[in-house]
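Shared between the two complexes below is chain A, which has chain B as its partner in the first and chain C in the second.
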Partner chain A sequence: MKFLLSLAWKNLSRYRRRTTITAVALAVGVAVFIWMDGWLLGAELESRRNIIWYEAGAAKVLNQEYLEQIQNLPLKQVVEDAAGVERALASLGLEATRRAVFSGELFLGEGSLFVKAVALDPATDGRVFRLQETVRQGRFLQTGEPETLLGEWLARDLGAAVGDWVTVRARSRFGAFQTLDLQIVGILNCPNPVINQGTIFLPLDLADQALELEGAVSEIALAFPEWQEPEARLGQIRRALAGFPELAVADWQELARDFLAIAEGKRAGTGMLLLLIFIIAAVGISNTMLMAVYERVREIGMMRALGMRDLSIRLAFLLEAGGIGLIGSALGLVLGAALNWYMVRWGLDLSAFIGDMQVGYRVHSVFRSAWHPQALVGAVVFGVLASMLISFIPSSRALRKRITDCLRHV
Partner chain B sequence: MIRPALAAALLLAAAAAFPQSAEEIVRRLEANQRFRTQEAEGSLVITDRFGSRTKTFLSYAEGQERMLLAFTNVEEKGQKILRLRDEIYLYFPEAEEVVRLQGAALKESVMGSDFSYEDLTGEKSLLDLYEVKLSGRELLAGREQFLLELKARARGVAYPAQKLWVDVEEYLPRRAEYYALSGRLLKTLEVLEVRRVGGRSVMSRAIMRDAMKKSSSTEFRVQRVKLDEPLPKNIFSLEALSW
Partner chain C sequence: MIRVDKVTKEYRTDHTAVRALRGVSLEIRAGEFMAIAGPSGSGKTTLLNLIGCLDVPSTGEIYIAGEAVSGKSRIELATLRRQKLGFVFQTFNLIPVLSAYENVSFALSLLGVDGRELRERTLRALKEVGLAGLEKRKPGELSGGQQQRVAIARALVKEPQILLADEPTANLDSDTGREILDLMAALNQTHGTTFVFSTHDPMVMELAHRLVMLHDGAIR
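Right after this comes the complex of A and B.
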C-alpha cells in the first residue's frame, strides 16, 4: 500500500500543471457549494427566526375556520372566549398575547394602499413578539390611543412620517364598513420584509371597539422556550384546549407554509445548480485521468509484465485521482470557508438589487450565511470519492487490453 | 256636491302626490325599479389616479334575483358575472373556468371599479335592511327630492347608514350617500340621466364616487335598454356561462 501511495504521489507531482488545473476546477466547485449552502442555510435560519419573532410566534391558537381561510383574514371567524383560552393554557406556563388581524385600505392624502392590519395588546405583545425593538422613529403603541405603527417601506411608499394622520377603511366583525383615523406614532424597520412592506399595527382595544369585536380576537399567539420540542408542546396545548372544539393550534411552520414551500423549491433549484458545478469539475477530473491513463498505457503494460496485479494498478490510479480530489477539495474547503466566514461575519447587502421585492425569504437586505459543518465535511468527502469513482472508467479500459497490446501502444 | 267616485279619485291622487311615510316612498321607489325582465347594453367608465378606462357590457336581468353581465370590450371580452339570488359566479374564458365568489371575495371590486361584487347581490328590500326616516325635501338640480335617512337594522349590513334623495315626481333615486359605522362618508351615487322606456323611467347614466379617493369614480352608462321582453332560454345557468 505504501508503494502504491508513493507511486500515486509521484505521478501527481510528475504532471504538476495538469494536477493543479484539475484540482483548481474541483476547488472552485467545492468552494461554491460551501458558499451557497451556507448562504441558503443562513437565509433559512434567519427567516425562521424572523417569522417566529415578528410574524407568527412559536404557535397560534385560532378558530379552525379562520385557519382554513387565513389568506383572507376573516374577522367573522374568531376566538370568542380569549380569556377562557388563556386560563386553559395558564397551567402550561406559556407566554401568550392576543391579536386581531384584518385587511384594510390605508389612506394618506391622495394615496391609498391595501394593508394587513394587526391590532395588538401593547402591554403583552412583547411576551411573544419583538416588534418593540424594531421601532426606528417615534415610539411603540399605547393602549387606548388612536395611533398606528407603520413599516419603513410602507411609510416610504405612502410618503408618511411620524405625526401624520392616516385613515384605515375596513370591515367590522359583522361586515359593516368602518373607518379608523389613526396618528402615526412610530416607524418600524423590521428584519422581516413582510412586516416592513404591508403591515400596520394599532392598539387592540381601539380595534375591539371600532370593529365590534366584543372581546373576541383572531388569534392568541404563543412563545415557547427555544430549547423546547415544539411537537410535544403542541400536543399539550391541544389537550389543554379540549373544551374548545372550534379552535385549532398551528405552529409557525403551518402558518408560514408559503415560506417553507419557497425555501424547499429554492433548495431543490440550488441542488441542481450544485450538481451542474460538480459535473463540470468531474469532467475536468475525468479528462485528466483519461489523459494520464492513455499516456501511460505502455507503462501499465510493463508493470503488468513484471507481475504487478491489475487490482494494484487500478488502485494506483484511484489513489492518484483521490489525490487530485483531496488537493482540490482541501483548497475548496479553505476558499469556501473563507467566503462563508465573510458572509457570516458581514453578510451581503442585496438591497440595491432586490429593493422592496419579496424573494420568499424573510430577510431584509443583508443576507448572512451560517456554518454548516456537515456540508463542509460532506463536500470534501464527496470531492475525494467522486474523483476516485470517475477515474475507474479510463483505468478499466487500459486494463482490458492484453499486455502485448499495451507494450505495443503508441 | 262632489260625487263619491270623484272624491275617491281625488283622495287617491292626493295620496300619490304626498305619500304618508318614508316606507311608502321606498316601496314606490322599489316598485318603479322592478321589471319582469331587462336587457341592456352599456359601459362602465372607470377613473382612478392612473387614468380612465372603459368596459362595455351586455346585461340581462330577470326579476330581482337573476342577473348576467357579459363584458364585450377587447380586454375582458367573454368574461361574465352571473348572479343567482345571493350567489355570484365569475367566468373567465381564457381559463374556461367558473369561480364561485364567497366570503371576503365578494368585497372585492368589480373590474377595478367603485362597485363591489357585494353591491350586485341582495334582492332584499331596503325596508328589510334599514329603518327609514323622511327627513325633508330638498332641491337637487332644480327638481324636488324626498330626503330619506336610512339606518341599518342589523350589524351585518355593509353600509350602516345611507342618505337617499328620491325624485318627488318620478320616484327614482337621484342621489345616494353611503356611510361607515364611524359616520364617515364612503361613497356617493349620482343619477345623471333618466330615460323613458316603454312608458317607464329608467336610470341611464349614473356615477359612483369613492368619497375617500378624490380621483376615483365609476360612471355607468346605458346605451340601449329593453324592458319586459322575453330573454334567451336558460341564460341564467352555470352551463350557459361558457357559451
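Right after this comes the complex of A and C.
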C-alpha cells in the first residue's frame, strides 16, 4: 500500500500540467458549490428569521376560512373573541399580539396604489414582532392617533415623507367603503423586503372603529420562546383552543409557503447548475485518467507480467485519481471557504436588483452567507470519491487487454 | 524445470487466422542458459510469452516446475509469475517516475518483502549488476545499458527460478549488448537461475549454452 501511494503521488507529478489543469477544474467546481450552498443557506436562514420577526411571527391563530383565502385578506372571516383566545393561550406562557390585516388603496397627491394594510396594537406588537426597531425616520405608531408607517421603498415610490398625509380606502368588515386619513409618522427600513415594498401599518383601535371590527381581529400572532421546535408548540396551542372550532393555527412555514416553494425551487435549480459544474470537472478528470491509463498501457503490462494483481493496479490508478481529487477538492475548499468567509463577513449588496422585484427570499439588500460544515466536508469527500470512481472505467479497460497486447502497446 | 508439450498458438483477426506456433515441444532444464532464435515472425516471442504465462496456448500444455499452466485463473497465473518467473524486456519497461532503487524494490514489494530485508536485497541486486551509487537515478538519467541492468536487477532481486528475456540486446549497441550478456552469463553461474532468451542476435546465440531454432512456428 505504501508503494502504491508513493507510485500514485509520483505519477501525479509526472504530468504536472495536466494534473494542475484537472485539479483546478475540480477546485472551481468545489469552490462554486461551497459558495452557492453557503449563500443559499444564509439567504434561507435570514429569510426565515425575517419572516418570523417581521411578517408571520412563529405562528398565528386565524379563522379557518380566513386561512383558506389569506391571499385576499378578507375581513369577514375573523377571530371574534380575541380576548377569549388570549385567555386560553395564557396558560402556555406565549407572547401574543392582535392584528387586523386588509387590502386597501392608498392615495397620496394624485397617485394611488393598492397596499396591504396591517392594523397593529402598538402596546403589544413588540412582544411578537421587531418592527419598532426598524423605524429609520420619525417614530413608531401610537394608539388612538390617525397615523401610519410606510416601508422605505413604498415611501420612495410614492414620493412620501414623514409628516405627509395619505388616504386609505378599504372595505369594512360588512363591505362598506371607508376612508381613513392618516399622517405618516415614520418610515421603516425593514430587512424583510415584503414589508418594505407594499405594506403600511396603522393603529388597531383606529382600524377597529373605521372598519367595524367590534373587537374582532384577523389574526393573533404568537412568539415561541424557542421557535425551533414548533411542532410540539402547535399541538399545545391546538389543544388549548379546542373551544374555538372555527379557528386554525398556522406556523410561519405554512404562512410563508411562497418563500418555502421558491427556496426549494432555487435549491433544485442550483443543484442542477452544480451538477453541471461537477460534470464538467468529472469530464476533466475522466479525460486526464483516460490519457494517463492510455499512455501507460505498456507499464501496466509490465506490472502484470511481474505478477502484480489486477486489484493492486486498479488501486494504484484509484489512488492517483483520488490524489487529483484531493488536491482539487482541497484547493476548492480553501477557495470556497475564502469566498464564503467574505460572504459571511461582508455579504453581497443586491438592493439595486431586488428593490423592484420579488426574489422570494425575505432579504432586504445584503445577502450574507452562512457556514455549512457538512457541505464543506461533503464537497471534499464527493470530489475525492467521484474522482476515484471515474478512474475505474479506463483502468478496467486496460486490465481487460491481454498482457502481451499491453506490452506491445506503443 | 519447464516442459512445453505440443503447443500451438493461433491468433485470430477479423478475417484471418495466423498460426504462430505449430506443435512445439521442448524441455528446459534447471540452470540452463538457453536462447530461442529465429527470424522475425518465427514465433520466438510467442513461445517466450507462453513459457512466461503471459499468454495461453491454443492447444498443448506447458509445465513449470512440474505444474501444468492451463486452467489456472488470472490470480493464480499472477502468483506464479510473481514467485517463480523474472522478466527482462527489449524496451526495459522501467517505471519512469521511480528511481533505479524503487524500480528494483518494486518487484520485491510485490512479494510482501519490506523493511530492512527489502533495502538490503535491492542494494545487493543493484550492486551485482554494477549500478552501486546510481540507486537514486531515474530511468531517464541512465543510459540504455544501465536501464537494462536495472531491469535485470529487478528480475533477479526476487531470486526467480526462471528468467525470461525477450531480445534483451536489441535496443543496445553491440558493446553494451555484450556487457549485458556477460553479466547475465555470470549471474547464471552465480545464482543457478535458468535463463531463456528470445533473440536473433548472433552474439546471444554464440554465448547461449543451448540454441533452439524456430522457423514458421516450429522447431527446426
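Just so it is clear, the second predicted complex is superposed on the first by the 406 of 410 C-alpha atoms of A that agree within 3 Å, B and C clash if a C-alpha of one lies under 4 Å from a C-alpha of the other, contacts with A are read in each partner's own complex, and residues count from 1 in each chain.
Simple rule for what comes next: a residue touches a chain if its C-beta (ideal position, glycine included) is under 8 Å from a C-beta of that chain, and two chains touch if they have at least 3 such contacts.
Please read these numbers as outputs of a predicted model, since none were measured by experiment.
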item: Chain B versus chain C as contact partner of A:A242, first or second or both or neither; value: neither
item: Touched partner set for A:A83, first chain B, second chain C, both or neither; value: neither
item: Which of chain B and chain C A:R298 touches, first, second, both or neither; value: second
item: Partner chain(s) touched by A:T404 [first = chain B, second = chain C, both, neither]; value: second
item: Which superposed partner A:A210 touches (first chain B, second chain C, both, neither); value: first
item: Partner chain B, residues of chain A touching it in the complex; value: 69, 72-74, 103, 107, 110-112, 167, 169, 171-172, 174-180, 210, 212
item: Complex interface listing, chain A residues touching chain C; value: 2-3, 6-7, 10-11, 13-14, 298-299, 301-302, 304-310, 402-404, 407
item: Chain A-touching residues of chain C, taken from the complex the two chains share; value: 49, 52, 54-55, 74-75, 78-83, 85, 87, 89, 91, 93, 95-98, 102, 105-107, 109-110, 114, 154
item: In the complex, chain B residues that touch chain A; value: 49, 103-105, 107, 152, 154-160, 178-182, 184, 186, 212-215
